[in-house]
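The following pair of complexes shares a single chain, chain A, combined with chain B in the former and chain C in the latter.
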Partner chain A sequence: MSNWFILLPEIILAFTIMLVLIVDLISTSCQRLWLGVLSLVGILLTVICLWIVPSGAFGEAFLNDGLARFIKSIVLLALLLVVLFSWDFDKVWGRPLGEYLVLLLSSGLGILFLASGTEMILLYIGLELTTFPLVLLTAYCPADKKSAEGGLKFLVLAALGAAVLLFGFSLIYAAAGTTQLQALVPALIQTGNTPLVLMGLLCILAGLGFKMALVPFHMWVPDAYEGAPTAITAFLSVAGKTAGFVLAIRILATGFPVQVSEWSRIFAVLAAVTMCLGNFAAIPQTNMKRLLAYSSIAQAGYIVMGLVAFQVLGLSSILYYLTAYLFANLAAFGVVIAVERSSRSVELSAYHGLAMRSPRLALIMLLALLSLAGIPPLAGFAAKFYLFAAVYSEGYIWLVVLAVLNSALSLYYYLKVIRAIYIQKPAADAVQPVTVPLALTIVLVVTTFGILALGVYPSPIVDLAREVVVLFLTP
Partner chain B sequence: MMITLTHYLVIGCILFAISMYGVFTRRNAVALLLAIELIMLAVALNFTAGTRFLGDAGGQIFAIFVITVAAAEAAVGLALVIAIYRNQKDVDLDRLTILKG
Partner chain C sequence: MINHAWIIPVLPLAAAVIVALAGKRGDRLAGSISAGAIFFSLIISLKFFAAFLVNPAAKEVSWVWLKSAGNLTLEVGMLIDPLTVIMLVVVTFVSLMVQIYSMGYMAEDEGKARYFAFISLFTFSMLGLVLANNLVMVYMFWELVGLSSYLLIGFWYHKPEAANAGKKAFVVTRFGDLGFLIGILVLGYFLNTFNIIEVGTAAQTGKLTGGLGTCVALLIFAGAVGKSAQFPLHIWLPDAMEGPTPVSALIHAATMVAAGVFLVARVFPVFTASDTAMLVVAYVGGFTAIFAATIACVQDDIKRILAYSTVSQLGYMMMALGCGGYFAGVFHLMTHAAFKALLFLAAGSVIHAVHTNNIWEMGGLIKRMGITGTTMLIAAVALAGVFPFSGFFSKDAILFAALDAGRMDLLVLGIFTALLTSFYIFRLFFVVFTGKPNSTQPGHESPAVMTMPLMTLAILSLGLGFFAARFEHFIVASLGANREILHQHNRLVPMFAFLAVLFGFGWAYLVYFQKAISATLLTRKFSLLYKLLKHKYFIDEIYLFFVRYVMLVVSAGLAWFDRQVVDGAVNGVAWLCRRMGAGIRRLQVGRLQAYIFAFVLGLIVLAVSLLVTHPDVMAIIP
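So, the complex of A and B:
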C-alpha cells in the first residue's frame, strides 16, 4: 500500500547523518577528512536517488512531485557547496567538524521534508527540523559573543514565527477539521470566509513572513547572518530562504487557493515594504555579512512578488529566481569566506584593492554582485526579467515600477563594494594575494559557471520550472 | 450551559493574546521563551478541543507533536541562554547589542 521507495532520498540522507555521527565518534582527529567525504558522497547519492525515484505520494502526508524535486535539487546543491565551504572548518574556527556536519545535514533533511509535505504536522516537523539545527549552527562558536547573541536572537524570533504559524494552523483546524492540506479546500469552501478562517490565515501569513524574512518580520536576519559562521550565513541565506518560499507555496497553493485574492493583496504590500526597507537599510552597512543580509531581505521582497502573481508564470519565475540567487549569493559568500580566512575580517575595508591582490576573486565578486543587482547578461537579469514580466501580466504595474526602482537603488550599495575592490588602494599591511584552498576554488568555479550559464542560456531551467509548476497547479 | 468548541477557541485566543503581550513587553530571554511556550500551549489546547468536537484524530496527534517540539525548543533555548549568561552575565535582549545596525 505505502510505497517506501518514494522516501528513499530522505532515508539515504538520514543514514548519512547517522553514519557521520558514528564515524565522528570513532575516528581520531587526523581522520577528519573522511567526515567531509562521507557527507559529500551522501548528498550526491541523495541527488541521484531524487531523480530516480518515481513521482507519487507516500500516505497522505508526503508527495514527491516535480516541484519538490526542483526545490530539493536546489537545497541539495546548496548543501553540497556549503559542505565544501566548511571543508577545514575545525581548523579555521577551532570547533569540532563532526557535529557541525551532522547539524548542517539535519537542517537540509528538514528542508527536504518541507518541500514534500502536504500535511500540517509534517510541514511543522520539517520546519522545526530545519530551524533548530540552524540556530545551533549560528551559535556554534559560543566563545565568540556575536555568534551566541545571533543564535539567541534567531531562536527567539524563529520560535515566535513557528508558534504564530502553528496558532494559525490550529484555528484553521478548528474551522475545517482536517490537517490535510488538500482536504482543506472543500472544507473551507463549505465554511466560507468566517472570521475564524481569516484570523487563522492571517496568523499563517505572519508565520510565513518570519520564515521568508519579509518586513516587518525580518528583525532576526541581520543579527543571525552576522553572528553565524560565514559558511552557515551562506546556507541560511540560500537554503533557509528556499525553505521559507517552498513552505509558502505548499501551504497557500495546496490549502488556500480559494482565498487567493486575500493573501495575494497582503503579499503585494509586504513585497513593496520589504524591498524598499531591505535596500535602504543595506546602503549604510560596512560589514559585508550585514550588507548581504539586508540585500537578501530585499531579494526576498522581489521573490515574494511571484506569490502575488500566483500563476504558472509567477511560480515558475520564483523557482528560476531561487536558482539564480543560489549561484550569485554562494559566489559572493565564497569570496567573503576567502577574504575572511586571510584577513580575519568581514569589514568592507578588508576588500580595499582586492582587484590588485587577487584579480580572479575580485572578478567573481563583481559577477556575483552584478547578478544580484540584475545586470544583463548574468543570471540575476533573466530571473528578474521573468519575475517582473509575470507580475506585470497580472496587472500589478505599481509593484513592477517599484521593483525596477529598487533594483536601481540596490546597484548603489553593490557598486560601493565593487568600488572598494577595484578603485580603492589596499592597506599597507595587506598586499599579499588571498590564498584560496581547493574546496573553496571548486565552489567558486561552479557558482561562477552557474551565474554565466543561467544568464546566457536560461531556457533549460526556465522550461523545467514551467513544466514543474504546470503539473503542480493542475493535479 | 453547553460548552462548545467556541469556548475553547476563545480561551486559546486569550492565551495567545497574553503571550503576545509578554513577547512585546518582556526583554528577558527566559521570559520571552516562556511567552512562546504559552503560545504552544494555546495551540495544543485548540487542537485537542478540535479533536473532541470535530471527531478527527489528527488534532490530538498534532498536539503531542507540538508538546514534544516545544520541549526540544526549550532545551535549545535554555542552552543558548546559559552560554550567553556565562559570557556576558546578562540575558536581557535590549542590553545584548554587539550586533546592531
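So, the complex of A and C:
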C-alpha cells in the first residue's frame, strides 16, 4: 500500500486544527493564550516534519517533492507569522480566537495540498479548502460593514472562479479521459488542440487568474483586502497568492507542457495588463490596505512573468520572488497592524509623522516599501533582477521594458507613503509613540531581517530554488 | 582563517549601529564601545599580519551575489594579500589611537554619540574598501567612506564653514568618482569581470593594451585623484579641516585620503600595462607634491599647513607608484599614516589647549606642553625625513624609484620638495613651540587619554623605518611570486636629500628661531611670490570664477530647459499617471454585478483571442 508517512506534515497540521477546536470548546476565556501556543507548536512541528519526510508520491494524487517542500515552507512561515499577528485578536477585535485560528490553519492546510496535488480532483478540493475559510475570515467581523461586504463579494467571485476552474477540469476530462495531470500529456497529444481542449485550458487559466488576482479576475481583491481583519489581509496577500502560483505551476507544468505557447502568450498579455492596472490604480489610494491591495495586484503581474518565461530561470525566479515578497509584504502589514492598534485607522493620514513618533516602525515600513519597489540592496531588488533577467533571456523584451517602467511607476505611491511617514507633520492629537506588543515585534524583526538578508546575500535561496525547479522539470 | 576576516569590518559596523540606536542614552559608553570594537578588529588584523609574514601568498574568498543571464557575476568577497594586511593594520591601528584620543578631545561635546557612530561607520567602510575583492564592492565602500567623510567634516553642522566644507568635499570628489565608475563599467564591459585578481591577470596577459588600457587606467586614476586630493582636485582637503581634529587625523591624513594611493596599488597591473598612464600618474603626483609644499610654507592655520603637507605627501606616493616604485609608494603610505596622524593629534592637543588654529597666536608652548611638543618634534623630524626616523627610509625609497625609472626631473623635484617640507614643518614647530608665548590662553598639557596615543604613535614614527628591508620583500609579494627587487645603490641620492633637508631646516631655524632673517622682510622682497602662495595659486578663485561666470551662464540656460521642457514632461507624465489612476479607480465601482461582468468579459475576450489565433479551430466550429 502507499506510504502514509509522506502525508505526515499534513496529518500533523490537521490534528493541530482539531486539537485547537477541542481546546477552544473546553477552555475558559482566560486560557485563550494556549490556543495560540498550540497553533504555533503545531505549525513548527509541521515544518520540522516537512524536512524529515522523504520525497515521494502517495498514490497518484499526492507528490512530495522539492517544489512542494519549498512552497510549503513559505506558506507555513506565513502562517506562523500571521498567527503571531493575531496573538491577541480576541481582545482587539472582540471576536472569538478559537474559530479564527481553526479557519486560518484550515486554509493553510488547503494550500499544503495544493502544493503537492498532481490530480485535478484533489487540487480542486485543496482549492476549496484554501478559499472558503478565507472567505469566512474576511467576513469575520460582521459588525463592520466593510468586512461583511468584502466577505460577500469574495464569496460570490470565489464561487464563480471555482466553478469556471471546475468547468475547465471537466472539459479536459472529457477530452483526455483522465484527471491525473501526468497522464494528461500523452492523452492531449493524441487528441491535439481541439476546441474542447482549448476551451478547457482557457477556463482553467481564468480560474487560476482569479486565484492569482490577475486583471480582469482581480475585482474582488481591493474590497476583500480592505474588509478583512488586517492579519487576514496579510495572509491573503502572501499565502493566498503563493497558493495561486503553485497551483498554476503544478497544473500547467505537469499537465499542459505541450500547450506552452498557448498559455504563455495569454499570460504575457495578462501580466502586462495586471501590472499596469495595479500600479495605476494604487496611485490615488489613501487607504493603506487598499493601497497595498493594488500593490499586491501589481506584484502578481510581475510574478506571472515568471510563468511566461517558462524555464528553469523563470520558475526559480518565481519561487525567489515569492520568498522576498513574503518578508516585505508581511513587514509592511505588520506596521499597518501596529498603527491600526494604536490609532484605529488605516488611512494614510494616520501615518503622518510616524518617523517622529516611532522611528523604528517608520524604518521598517521604509525598508518594506523600498523592497517592494525593488531598490537595492533589499530582497525585492534581487527578486526583480532575477525575474526580469529570466524574462529577458526568453526574448520578451517588451515585457521587461514595461515591467521596469512599472517598477518606476510603483515608486510613486510607495514614496507617497514614505513622504507621509517622514516629511509630513503628525496630527496634533497623534503624538504618542505607537506601542508594539511582543508578538508583533517578533514578526517585525524576523521580516526585517529577511528583507535585508535576502537582499544582501540571495545566493542560498536562489540556488535552492534553482535546484528544486531543475528536479521538478526533469523528473 | 580567511573566512573569518569579515569580522574585522563587521565589529566597527556593529559598534556604529549600537551607538546610533542607543542615542543620547549611550553618550557615556559610546567611546568605549566603538574603541572596544576597533581594538578587537586590530587584534584580528595583527593575527592576519603575522600569518601573512609567514606565507604572503594572496588568498581570496567570495560568494556570488547576483548572477546575470550573461556570464557577468557580481560577487561579495574578500581578497587578502600583503597590501591588504598592511592597510588593515594601519586603518585599525590609527582608528584605535584616534578613538582613544577622541574620548578626551570630544569629552565636552554634545554630539558625542553621533561622533563615535560616524567614526565607527567610517572605519567599517574603510576596512570594507581594503578587503573587497572586486571593483564594484570597492566602489560601494569608496562612496561609503566619502559619505562618512562628509558627515564628519560637517559634524559641527551649525557652523556654516563646516557645512560648506562638507559639501565642497562631497562635490569635488564626485568629479573623480564619476571617472572611477565609468572606468569600472568599461572594464566590466570589455573583460567581463570585476574581480581584482582577474583584472590584474588580464592586464598582465596583454588584454588591456593601447588606447583602451590607457583610458581605463586614467579613468580609475581620476577617482584616486579626487579621493587623494591630487592637483587639480586638491581643493577640498584644506577646507575639510573644519571637522574635529581627530577626524582630520584619521580620515584626512592617515587613511581615507590614502585610499587613492591604495586603489592605484590595488590595480597596479592595469597601470603598468600602459606607459602613458604611468607617466601621467608620476607627473600628477610629482607636481602635486611640490605645488602643495610651496603653499604649505606660507599658511597661518596649523591644520591647513598640515593639510597641504598631506596633499604634498600623497603626491609623493603617487609619484613613486607612477615610477613603478610599488614598495616605495605603499611603504610611504604606511609611515606617513603614523607620523601624519601624530602631527594632527598633536596639533589637536595644542588647539585643545589654546583654542585657536592660528600659529601666530601660539608660541613657547614646549614648556607647558612637554609631551605634545616632544612627540610633535619626533613627527616633524620623521616627516622631514631625517635618519633614522621612518620618513627617511620611505622618502629615500621614493627617490630611488624615480632614479630607477630614469626620471631625473622627478628626482630633482622630489629632492626640492624635501627641502620645502623640512622648511615648513620646522617653521610650524618653531613658531608654535618656541619663542615667547603670544597667547592669552594659559596652555596646559592634555589629559593622559590624549597623550598616550601621541606617545604610541611617536614610537612608531621613530621605529617603523628599521623594518624597511623586511617590508620590501613582504609588500612586493603582493605583485606576484618572484619579482626581483633591484636598486641602483646610489649614495649620492640620500646625500643630496639630506643636504636639502638640512638646508630647509637651517632656513626655518634662522628665520623663525634665531630670527636672524626677518620674515616680514622676506615677504616684502618676494611680495609677488608670497601673494601667489598665500592665495594658494588662486586655484579656488579660478574655480570660483569659472563657476560664477561660465558655469552659471550655461547652467541658467540648462535650468530654463530643465524647468520648462524636462520638468514639463515629467509633470505631464505624473499628471497623466494620476489621471489614469483616477480613471481606473472609477472602474472599480463596487457593485458585485460589475465584478462578475468583468470576470466573464475577460473570459470571453480570451476565448475570442484564442479563436482568432487558431483559424483551424474556427473551421471546425459549425
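Simple rule for what comes next: the second predicted complex is superposed on the first by the 475 of 475 C-alpha atoms of A that agree within 3 Å, B and C clash if a C-alpha of one lies under 4 Å from a C-alpha of the other, contacts with A are read in each partner's own complex, and residues count from 1 in each chain.
Please note the rule applied: a contact is a pair of C-beta atoms (placed from the backbone, for glycine too) under 8 Å apart; a residue touches a chain by one contact, two chains touch by 3 or more.
Values in this document were obtained by computation on a predicted structure and should not be read as measured data.
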item: Touching partner for A:G56 - first (chain B), second (chain C), both, neither; value: neither
item: Partner chain(s) touched by A:P222 [first = chain B, second = chain C, both, neither]; value: both
item: Which of chain B and chain C A:F210 touches, first, second, both or neither; value: second
item: First (chain B), second (chain C), both or neither touched by A:V164; value: both
item: Contacts of A:G94 with chain B and chain C, given as first, second, both or neither; value: neither
item: Partner chain in contact with A:M120 - chain B first, chain C second, else both or neither; value: first
item: First, second, both or neither for A:E128, with chain B first and chain C second; value: first
item: Partner chain in contact with A:E262 - chain B first, chain C second, else both or neither; value: second
item: Partner chain in contact with A:K153 - chain B first, chain C second, else both or neither; value: both
item: Set of chain A residues, in rising order, touched by both chain B and chain C; value: 152-153, 156, 160, 164, 222-223, 284-285
item: Residues of chain A defined as touching chain B within the complex; value: 120-121, 124-125, 128, 132, 135-136, 139, 142-143, 145-146, 148-153, 155-156, 159-160, 163-164, 166-167, 169-171, 173-174, 177-180, 196, 222-223, 226-227, 284-285, 287, 290
item: Residue numbers on chain A that touch chain C, as the complex places them; value: 152-153, 156-157, 160-161, 164, 193-195, 198-199, 202-203, 205-206, 209-210, 215-217, 219-220, 222-223, 262, 265-266, 277, 280-285, 313, 382, 385-386, 389-390, 392-393, 409, 412, 456-459
item: Chain B - residues contacting chain A, complex; value: 5, 9, 12, 16, 23, 29, 32-33, 36, 39-40, 42-43, 46-47, 49-50, 54-56, 58-59, 61-62, 65-66, 69, 72-73, 76-77, 80-81, 83-84, 86-88, 91, 93, 96, 98-101
item: Sites on chain C touched by chain A in the complex; value: 63-66, 68-69, 76, 574, 577-578, 580-582, 584-585, 588, 590, 592, 594-596, 598-599, 601-603, 606-607, 609-610, 613-614, 617, 620-621
